[in-house]
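One chain, chain A, links the two complexes that follow: it is found with chain B in the first and with chain C in the second.
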Partner chain A sequence: MKVTADVKNGDVHDVELADDAVYAELLDALGFNPEAAVVLVDGRPVPEDARVDAEDVVVMRTLSGG
Partner chain B sequence: MVEFTEQAYDDMLEHAHDGVPHEICGVLAGDRDTGVVEDVVRVENVSDTPRTNYMMEPEKQLEAVDEVEEERGLDVVGFYHSHPEGPEHPSETDEARATWPDHTYVIVSLGPEEPWVGAWTWTGHEFLKQDVDVGGRGEN
Partner chain C sequence: MECSRCGEPAVLRQSYSGQHLCETHLYEDVESHVKSRIREDSLLEGEERWVVGLSGGKDSSVLLDVLARTFRDNPSVEIVALTLDEGIEGYRDEAVEASQQLTEQLEVRHEVVEFESEFGVRVDRDVEPAEGKPCSYCGVFRRTALNRHADRLGATKLLTGHNLDDVAQTALMNFLDGGVDRMSRHYRASLSPEDSGEFVRRAKPLRDVPEKEVAVYAEMKDLPVYLEECPNAEGATRGDVRDMLLEYERRHPGTRHSIVNAYEEIAEQLEWNETELVECERCGEPTSPEGDLCRACSMRQEVAD
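Right, the complex of A and B next:
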């Protein structure tokens, strides 16, 4: 399946994934560590182990520190 | 260099003071090409240890970024957070968790002296110090 990923403040990528892929695999395909970015669908974060079921997603680098 | 408008600078300091003893955080809105910060957007710190850490909830972070880009027509210049008791530089945790290359990370330090504002660019590998100016005054 093809997923269009809008990386916030980055580029928009079309990613080809297996039909049973999970969101962690999408992040991996985009070169993101799952600890450093999250996938949002309709503005809400989705678990990285959830199966990809959206054609358009937003990828957001997380912000935290000390 | 990062140049704050006086209003944006004052709003950020007010946010930092309001948050004591907790760290606060937010988004810097302006023009990435010139480094001018015209406005700041507060984002709640949802860290479980807010005295020494900050964390933006992704949903709220996205709302803030969309507010900057889509509603105000500005760029995300970077992000800010406070160190209520110092230090006046990025902590080891800040460096370990930095994720936005080529964006500005501002720290408002509220140690025993006057508030101190510092800015760094995250290269993807390290923080590079930037000069900070406020309304053309030449602050740091």
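Right, the complex of A and C next:
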């Protein structure tokens, strides 16, 4: 399946994932460690081990800037 | 996916505890970590005036949010937010604005100190082009200004928003640098429940909460925080250590907690070579007797030259 990921303060990416993929795999595909990024579906964070069930998501990196 | 505690939709997975948390239980979890830390570090010793270093970023904003709501009806704890404006155009000015919005929302007294009036220095104008390593200057000026103004405001404690990742990174960096002395100093100055003597006692009540959980808390509560990275970030060593730790944490959940626990146990037992402090000739702040000026004043001198 195809998911469109809008990275906050970054670019929009189209990512191709397996049908049974979880959100951690989406983050991996974008090059983000799930310990340092979170996926938002309809504005709400979802756990990284939950099954992907949205076509449009927002990704927020959670590292601080000092 | 459901919350392990109540069955509501989960917003987060805590790999190190094996739990999933919903919005309500995430807030509860963060609050309970802060409260336990306040108890364990004996931060409540009587009539308290806590000065909270507020950068406008997510960590200090979440700390202030938890503290302001927890102690709103407690007359023996007064909370004052202190924001430093280092003078970094397009970065700090927006962060200062976020800090103003937050303190208004929480009805917390807010003090803003500008580096320019404090030290005659703007980081973007004076430090970057000349010295090439603004972070070390910025760090020293920040520490000095926080100490000085916490003291001026009559603080009984100076609280900062360092999270679990920050403390684990510093611990690991001190190991990697072989800095036993630095370990002992870091522990005494900002982690130990004992008073360090010369300065207002520091504490980090958010240091049991991972950075990601702090970020999700801020996002879900829609706190007015500024999320951009400082244009001068970031020290190469900390960046490397951070990435390595996150990778290791992913494969072995709980690593950050173990590092910090071991670090504290070791640092607590280190001999503490207490050097006697003298007053800086220019500003009167306590400093080591090696030079006539404290680090902030000698850096001011360098920047001026």
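Here is the rule we go by: the second predicted complex is superposed on the first by the 62 of 66 C-alpha atoms of A that agree within 3 Å, B and C clash if a C-alpha of one lies under 4 Å from a C-alpha of the other, contacts with A are read in each partner's own complex, and residues count from 1 in each chain.
As a working rule, contacts are C-beta pairs under 8 Å (C-beta built on N, C-alpha and C of every residue); 3 or more make two chains touch, one makes a residue touch a chain.
These figures come from a predicted structure and were not determined experimentally.
Chain A is touched at more residues by one of its partners, and among chain B and chain C that partner is C.
After overlaying the two complexes on the shared chain, residue contacts for A:Val58 are found with chain B alone; chain C is out of touch. Contacts of A:Leu17 after superposition on the shared chain: neither chain B nor chain C is touched. Of the two partner chains, chain C is the only one touched by A:Val46; chain B is not.
Looking at the shared chain after the overlay, A:Val7 reaches neither chain B nor chain C. After overlaying the two complexes on the shared chain, residue contacts for A:Leu30 are found with neither chain B nor chain C.
When the shared chain is aligned, chain B and chain C each come close enough to touch A:Val38. With the contact threshold set out at the top, residues 8-9, 36-38, 40, 44-45, 60, 62-66 of chain A are in contact with chain B in one structure and with chain C in the other.
On chain A, the positions that touch chain B within their shared complex are 8-9, 36-38, 40, 43-45, 58, 60-66. If you check the complex, the residues on chain C that touch chain A are 1, 9-13, 15, 20, 57-59, 135, 163, 166, 210-212, 214-216, 219-220, 227-230, 233-234, 242-243, 246-247, 249-250. Of all residues in chain A, those touching chain C in their complex are 8-9, 33-38, 40, 44-50, 60, 62-66.
Within the complex, the chain B residues that touch chain A are 23, 25, 47, 52-56, 58-59, 61-63, 65, 76, 79, 81, 90-94, 97-100, 103.
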